[in-house]
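Consider the two complexes below, in which chain A is the common component and chain B and chain C are the respective partners.
What follows is the complex of A and B.
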């Protein structure tokens, strides 16, 4: 692998300047940070186009090689190019584009979410059959308890004690503590990953 | 034909195609997913062009002051370099632009993690122990301290569960410290309980989406 000194120098210097602007309350640093972050935003926008170009390239190659399932690639490319053409011509806030969102994007997203309801039940049953340990029982028992305490049953309505005492205590006591631990763990992980990238221990931009 | 009816018909067909996955993976489901990915990609590209590249790069390059235009040469050059990533032969030219993104992204992530999560969460963990403030506000200090202790134990033990540092014993085996081991076991209980609560929330949202989709299917026939 080739060395990439320019990319490394740029990554470290930009990272350090943005960090200085975040933590040191000097107007000059803050202004420079804002400009650098705005440039990063522009680059991220262009990177999105590169990603979509790559998606186009992958599916175009599939069609060219007449691979199995290339008819779906044709569908994807036609849908993508048509939406992109109309989007560039009229803008994403035009009624036609909003129509595409309402008729295609939102219904498919909601339907995939609906499928999740079934797959989650299936996954829960599989979990109990394959790994019926203490943790699985606590996990599914808590989920069932919270769901039961959240619904209003016919005739009796909300279940007394369970709905007004156990559920709030579980959610804002032990579960809040566990969630805070998970959040702190994720934040510490993000901090460490960021520092590793900043000190060039990890180089996602290439080089050794 | 009114546009609402056309949108409703497309939405109806796509919903049926996606829900057909319940009887197994099939061509209709795959067709709907590929249409979805294509339209989403086209829409995201249009948004990136219209809401980022056009107003923040291209328009200022023509209309802004000389100094601002000179400054914008930097993102313009980096944008050109990052576009080289599309070609496998010229992809190495995009390294500096990706380096810029990684550096800025890492710094923003560090700032966000420290100022947006770690400090506020540590403050929130200490809040239930502010007995004087709680009495002044007319709250119950015992209940608050009890909840605070439960949450603190949950937080510490959950963090201990993800602590994998261990020392090598004389017999060559690798084991965690006894206290960490005990805390990690307790943390496992808290993690299971927390994920159970989160699972219930996700399941309730998924179930709501399922009911909404079924209602939308029925509504097209006037039910």
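What follows is the complex of A and C.
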């Protein structure tokens, strides 16, 4: 099993420098930290190209093996190559490229968002069958109250009691408190996960 | 003052993590049972026996963003799942919505195969970039669930509301679903759409439950200690405020 000591040393050193740059107000640390973060951004940009290569390779193999649903892979590769060709020829700010974003990507994402809304309504309806209990009733009741308080109903319009009193109380009281509790727990988990990577207990860069 | 508090918290956490990782205890730490994670352990074993596939969706949290910790935790789980299921006829597949995460998922899976002694079976295509936007990523991950004989879907990392589409696709394929997300909006969707939702910091507890790594278990214990300290600090602060101390 390869140990990859160089990768480990680089990862730990960079992690320590960035952490010191965050906590200790010495200009040298701050400058080095900023430089390292910029390198990370550049590497992330290069990773986009590698990722696109990976996407191409996965779908090309699907087509070559004539796997189930490979017609979607053909569509993806043709669209990808056509967009790449046009983008390189005319530049990303050209009307054709803007048109591709506005006429294809945004409507497709919007339709998936609409599908998600339907999916969530369906999931909420099934919640009581899935897990009948007090928490489920509170969840559904709260969701229904917030919905009623947020929309303008036909003929009635907004319900003042709900929109002026109940919704602000729910959102800035129990919901905000609960969300902060969740975020505190998540922050502690994030801190420990970072420390594990810093001490090389976790090595997402492989080896061990 | 805030920076000093943060530094103190980090130092205490680091010290506790090191001590609890290397200390030899007579009785190992016992964690409460989480039904979803017991099911995940069983599902990993069954996937090898049945020759079906595990699909790990790592989300779209870039490592150079504040959401990167969720992705790191998901990679730790991927490593463990990779080690346990790499000998399956259908090895695990990891999809991500961030190119750096996709590259790291390949590296992590390769390390897992090496660790299991079957590096020759590793396929780079098992760590994939799904898409660069939330919904294109969701669409791609849904296709993996639908087309690649997936028996268990693990959704873990940084997701937004699009996680609702992934849970729906998983349910349609009758796949086991274990899901945990970093974002509170995604967590509320998981509450409505999964049988055993994992909430809050349980996302970061998953690797400790699935594997036997002492650092993971120590990390979970440190989280518990810090949580109690935080609760105590909040209560003291509330009490002081009630007494009129500024």
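Keep in mind that, in the parts below, the second predicted complex is superposed on the first by the 203 of 208 C-alpha atoms of A that agree within 3 Å, B and C clash if a C-alpha of one lies under 4 Å from a C-alpha of the other, contacts with A are read in each partner's own complex, and residues count from 1 in each chain.
By definition in this document, contacts are C-beta pairs under 8 Å (C-beta built on N, C-alpha and C of every residue); 3 or more make two chains touch, one makes a residue touch a chain.
Nothing here was measured: the structure is a model prediction, and the numbers come from that model.
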item: Touched partner set for A:61, first chain B, second chain C, both or neither; value: second
item: Between chain B and chain C, more extensive residue contact with chain A; value: B
item: Partner chain in contact with A:16 - chain B first, chain C second, else both or neither; value: first
item: Touched partner set for A:127, first chain B, second chain C, both or neither; value: second
item: Partner chain in contact with A:37 - chain B first, chain C second, else both or neither; value: both
item: Touching partner for A:201 - first (chain B), second (chain C), both, neither; value: second
item: Chain B versus chain C as contact partner of A:146, first or second or both or neither; value: first
item: Chain A positions touched by chain B in one structure and by chain C in the second; value: 2, 19, 23, 37, 40-41, 43-44, 47-48, 50, 52, 54-55, 57, 69, 72, 105, 108-109, 112-113, 115-116, 120, 139, 179, 181-186, 188, 190-191, 193-195, 197-198, 203-207
item: Residues of chain C defined as touching chain A within the complex; value: 3, 6-7, 9-10, 13-14, 17-18, 21, 62-64, 66, 69-70, 72-73, 75-76, 79, 98-100, 102-104, 106-108, 110-111, 114-115, 124-125, 127-129, 132-136, 138-139, 143, 146-147, 161-162, 164-165, 167-168, 182, 184, 187-189, 191-193, 195, 199-201, 203-205, 213, 215-216, 219, 222-223, 226-227, 230
item: Chain A - residues contacting chain B, complex; value: 2, 4, 6-19, 22-23, 35-50, 52-55, 57, 69, 72-73, 75-85, 87-88, 91-92, 97, 99-118, 120, 135-136, 138-147, 150, 170-188, 190-191, 193-195, 197-198, 203-207
item: Interface residues, chain B side, partner chain A - complex; value: 3, 6-8, 10-11, 14-15, 18-19, 21-22, 30-53, 56-57, 71, 74-75, 78-79, 82-83, 85-86, 92, 95-118, 121, 124-125, 147, 150-159, 161-162, 187-207, 209-210, 212-214, 216
item: Chain C partner contacts - residues on chain A that touch it in the complex; value: 1-2, 19, 23, 37, 40-41, 43-44, 47-48, 50-52, 54-55, 57-58, 61, 67-69, 72, 105, 108-109, 112-113, 115-116, 119-120, 123-124, 127, 130-131, 139, 179, 181-186, 188-199, 201-208
